[in-house]
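The following pair of complexes shares a single chain, chain A, combined with chain B in the former and chain C in the latter.
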Partner chain A sequence: MRLELRKVRIRDVRWGDVTKVEGGTLFIDKKEAIAVVAEETRFAHVDLELARPGESVRIIPVKDAIEPRVKIGDDGAPTGYFPGFCAPMDRAGEGCTLVLDGAAVVTCGPIVAFQEGFIDMQGPGAVYTPFSATQNVILIVEPIDGLDPHAYERILREAGLKLAVHIAARCAENGVPEADELTVYEKGTAHEEGKKFPDLPKVVYVCMNITQGLLHDTYLYGSDIRPALPTLVHPNEVLDGAMVSGNCVSACDKNTTWHHVHNPIVASLYARHGTEINFLGVIPTQESTIMDGKLRAARMNLSIALELGAQGAIISEEGYGNPDSDLCLNAKYFEQAGIRTVVVSDEAAGTDGASQGLADTTPEMIAFVSTGNVNEMLEVPAMARVIGCPEAIANLSGGSDESLRPDGSMFVEMQSITASTTEIGYSRVGCEWV
Partner chain B sequence: MGREIERVAGIPVVQIATIIPIMLTVGANRIVPGIAIPHPTGDPDLGPERDRAVREELVMRSLGALATDVAEQTVFEK
Partner chain C sequence: MSESNEKKIRVVHYINQFFAGIGGEEKADCEPLSKQEAMGPGMALKAKLAPEAEVVGTVICGDGYYGEHTNDARERCLSLIKAFEPDVVVAGPAFAAGRYGFACGDIASSVTERLGVPALTAMYEENPGVALYAKKTYILPCGDNARGVAEAAGRMAAFAKKLVAGEVKGPARVEGYFPRGVRKNFVHEQPGGERAVEMLLSRLRGEAFRTEYEMPVFNKIPPAPALKDLKNATIALVCSGGIVPMGNPDRIRVSSAESFGIYDISGVSDLTPDKYESIHGGYERAFANRDPDVILPLDVMRAFEKQGVFGKLHDKFYSTTGTGTAVSFAEQFGREIGEELKQSGVDAVILTST
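After this line comes the complex of A and B, so read on.
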């Protein structure tokens, strides 16, 4: 399976007459882009804004971020992206994908209120989110009166995907420049690779996802994976739009749709495939709200890993609290079966960092990579421009009624910043290597 | 909180909660498994009548657990 990512580097974003890339600048035909989103008649109002790295801008409340991408057919024409959403139902991970590298569509609008986050484009808050370094096209919508939250979440989720694919497709149609970088991911099936590298340790990646209903869901090929069973996918599928975030969980550790295609655990395992390890594949799995669901998912993750002959597993969590139990169960079952595990998770250790980091523990969880304390407090200054609604901080997880001061500055927990402690480890901060 | 009520006031406590491993971790002594995190004490998917039966059974089982002496952390399954 061969995936070629044609990355065109985006260094600026501007409004223009035509949506295209020229000299590293992404131009957006605002009217056309709004019209594409407004095809959904359940939006009462649709607007777009731009935000660039270093600007004095706060975006709040943020739901999802999506990288503008589109599949390119043999004839050079764009064919859509995110199978099951904005492309025909086909296998992701094969062929050629145009990537507007450095750009992001950011969806903005209150849904569950306390489970969105904010992005600062400069200042101390900017350090903790990848989206302060991207050229952002922000989609702001208002639903029609009386639209129920599930329908609103769905149309906003789909609108973000649609806008991101529209932008990339229009760029492809309007003479996109040569790629600045070509990234190729190529690997056979687990069976083929096992024959090629019989002596390398076999490693599987267990990607836990928020799947809890009530707007806490993750999608694989357009299908909600909450009522599904764990499954196995080729890493290329993950890196090429098979997974989509539909969840409104605490902002710090939600894997946005942007994160899934940039999953650093997948990319790192891939980079070591064939030299240090045999990377077997990715198990997208659930975090259920019922005990039997947690037990079932953990057992089935292990079943898949055992069928593949896995000797090691990396396990990443999404969210915190009750999913800590899923994390423990996964580590426990794998270790008991003789598969060595490393788990990646953040911690809710209190504002002073002194509390127990996870809600659950197990002695089998012996190798733990922490992506930070969600409760850490941070002072962020006022921004000259606020896109969205500044008062929303009062309702966000990690914010309170007192967070927003009259001068526009805020004193907040890290968890209110979008993707600040993401548990797949995509971060702009980290430990110093010694 | 449950542990403190037991320790300070000497009143036995039953904890109805869905994620039993967390209850075991925090040291609850009498645990009755709840239905689901969004609705631990009932099952609205079953409709009002059967939901009520689920609720009643949970309460009766919890009262039974309260009246049971335990020597160690105990999960009261159905």
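After this line comes the complex of A and C, so read on.
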């Protein structure tokens, strides 16, 4: 399976007459882009804004971030992306994908009022989110009156994907420059690679996803993972739009759709495939709200790993609290079966850092990578421009009534910053003892 | 460079009667005293502190006296220390001596807490003083006997200078002291995903690896014995699902709660959406706000109470938001609510979570 990512580096974003890339600048035809989103009649209002790295801008409340990408056919024409959403149902991970590298579509607007985050484009808060370094096209929507929150989550999720694919597709149609970088991911099936590298240790990656229902969901090929069972996918599929976030959870540790295609664990394992390890594949799995669901997912994750002959595994959590139990079960079952594991998780150690960081523990979890304390407090200054609604901080996880001061500065927990402690290990932040 | 023009860092050194050369166990009841000079292990310390810092005084107390008259010894030592106007206080090293470790830990933590002066000590990892005082002061590791004095003095001197300069900013393992039980965010060289893969490779090769979080040990609480007489039992409702009277009068946080609320429900038989709401920040509240009873089942409990299934429903409910809540707060809420329920004669409680 061979995936070629044609990365066109985006260094600036501006409004233009035509959506295209020229000289590293992404131009957006605002009217056309709004019209694409407004095809959904359940939006009462649709608007777009731009935010660039280094600007004095705060975006709040943020739901998701999506990298503009589109699949390019043999004839050079764009065909869509995110199978099951903005492309016909087909296998992701093969062929050629145009990537507007360094750009992001950021969705903004009231969802359930407290499970979104914020992005600062400069200052101390900017350090903790990758989206302070991307050229952002921000989609701000309001639903029609009386729209059910679940329906609203869905249309906003789909609108973000649609806008990101639209932008990339229009760029492809309007003479996109040659790629600045070609990244190729190529690997055979687990069976083929096993024959090629019989002496290398076999490794799987168990990617846990928030699948709790009530707006806490993740999608694989357009299908909600919550009522599904753990499965196995080729790493290329993950890196090429098979997984989509539908999550309205604490902003710090949800895997945005942007993060899934940039999954650093997948990329790091891939980089060592054939030299140090045999990377068998990715197991996207559930975090159920019921005990049987937790036990079933953990047992089935192990079944898949054992069937493949795995000797090592990396397990990443999504969210904190309740899913800590799923993380423990996975680590426990894998270690007991003789598969060496490393888990990646954040901690909720309290604002003073003195509390126990996990809601559940198990002695088998001996190799732990920390992505930070979600409760640590951070002072962020006022920004000259706020996109969205600054008062939303009062209701975001990690914020409170007193977070926003009259001068626009805020004193907040890390968890209110989008992707500050992502547990697929994208950021360099981690907890240490002091 | 003229040294006399430089203001030197003033260091006060605390040691016991043995290291002050007063005597061994027979002199352990020696009461606090001070000397305007470095002595015993202070000589090595003095050498390592030079030239920018100096030992301006030594405060001495017998280990027996400190252990048996702790409050008095502490007060007298603190005033002797204060008289030297120190910039930093160094205690010990206590090596493996338990009573000396206790005194050093107590002095170092009290100096910082009471005098606002930075302080540190050093001891062997198994010295009981480490478990007692590591959370309250800086304790540097050292050997288990006085042969390690030169090395310990060097480390203490360097750390003291760093502490005064406000440069102790890194993780405990890098700065070289026993962790004080606090987790702090740092920026690593590598992203988490890369660190995870490196750690796994070490494990697969059978090499040593360093976990970034040692598993905490849970405080397991045995459940209370089962109710013997449900018919006459008083039952209370406690929930972490964020149900509160409309408007959240106690301003309980939507997440990372640091408080809980107590609400009177005498005469109330149904939680109606005009009077109650959910403020929980961890789930979608649409259903809870349509009917708060789905989180805190007051309607069902009142019906059972009427039918005589149980004796009486406690006339208050207790509520907080359980999402991102620090375990230390959860423990505190549990203790306080439990105490109040016990005093109110409640026999059993139904805990609802989300």
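Note that in this section the second predicted complex is superposed on the first by the 427 of 434 C-alpha atoms of A that agree within 3 Å, B and C clash if a C-alpha of one lies under 4 Å from a C-alpha of the other, contacts with A are read in each partner's own complex, and residues count from 1 in each chain.
Basically, contacts are C-beta pairs under 8 Å (C-beta built on N, C-alpha and C of every residue); 3 or more make two chains touch, one makes a residue touch a chain.
No experiment lies behind these values; they were computed from the predicted model shown.
**Q** With everything superposed onto chain A, say whether chain B and chain C fit together or clash.
**A** clash
**Q** Check whether A:Gly372 is in contact with chain B, with chain C, with both or with neither, and answer first, second, both or neither.
**A** second
**Q** Among the partners chain B and chain C, which is in contact with a greater number of residues of chain A?
**A** C
**Q** Kindly classify A:Ile290 by the partners it touches after superposition: chain B alone (first), chain C alone (second), both, or neither?
**A** A:Ile290 contacts chain B only, not chain C.
**Q** Which partner chains sit in contact with A:Ala359 here, chain B, chain C, both or neither? Use first/second/both/neither.
**A** In the superposition, A:Ala359 contacts both chain B and chain C.
**Q** For A:Asn278, decide between first (touching chain B), second (touching chain C), both and neither.
**A** A:Asn278: touches no partner chain.
**Q** Regarding the shared-chain residue A:Leu329, is it in contact with chain B (first), chain C (second), both, or neither?
**A** first
**Q** Does chain B (first) or chain C (second) touch A:Leu214, or do both, or does neither?
**A** both
**Q** Go through the superposed model and pick first if A:Gln122 touches only chain B, second if only chain C, both, or neither.
**A** neither
**Q** Scan A:Arg340 for contacts with chain B and chain C and give back first, second, both or neither.
**A** So A:Arg340 only meets chain C here.
**Q** A:Thr351 contacts which: chain B (first), chain C (second), both, neither?
**A** The answer is second: A:Thr351 touches chain C but not chain B.
**Q** Give me the intersection of chain A's contacts with chain B and its contacts with chain C, in residue numbers.
**A** Residues 212, 214, 359, 361-362, which sit in both footprints.
**Q** Which part of chain A faces chain B closely enough to touch in the complex?
**A** Residues of chain A touching chain B: 212-214, 289-291, 294, 322, 324-325, 328-329, 359-362.
**Q** Enumerate the contact residues on chain C facing chain A in the complex.
**A** 170-174, 179-197, 199-201, 203-204, 209, 211-218, 251, 253-256, 281-286, 322-329
**Q** Considering the complex alone, what residue numbers of chain B touch chain A?
**A** On the chain B side, the touching residues are 18-22, 25, 33, 35-38.
**Q** Show me the residue ranges of chain A that touch chain C in the complex, using the header's touch definition.
**A** Within the complex, chain A touches chain C at residues 112, 114-115, 127, 148-150, 201, 203, 212, 214-216, 248-250, 263-265, 267-269, 272, 276-277, 311-314, 316, 320-321, 340-342, 344, 347-359, 361-363, 365-376, 395-398, 400-401, 413-415, 422-434.
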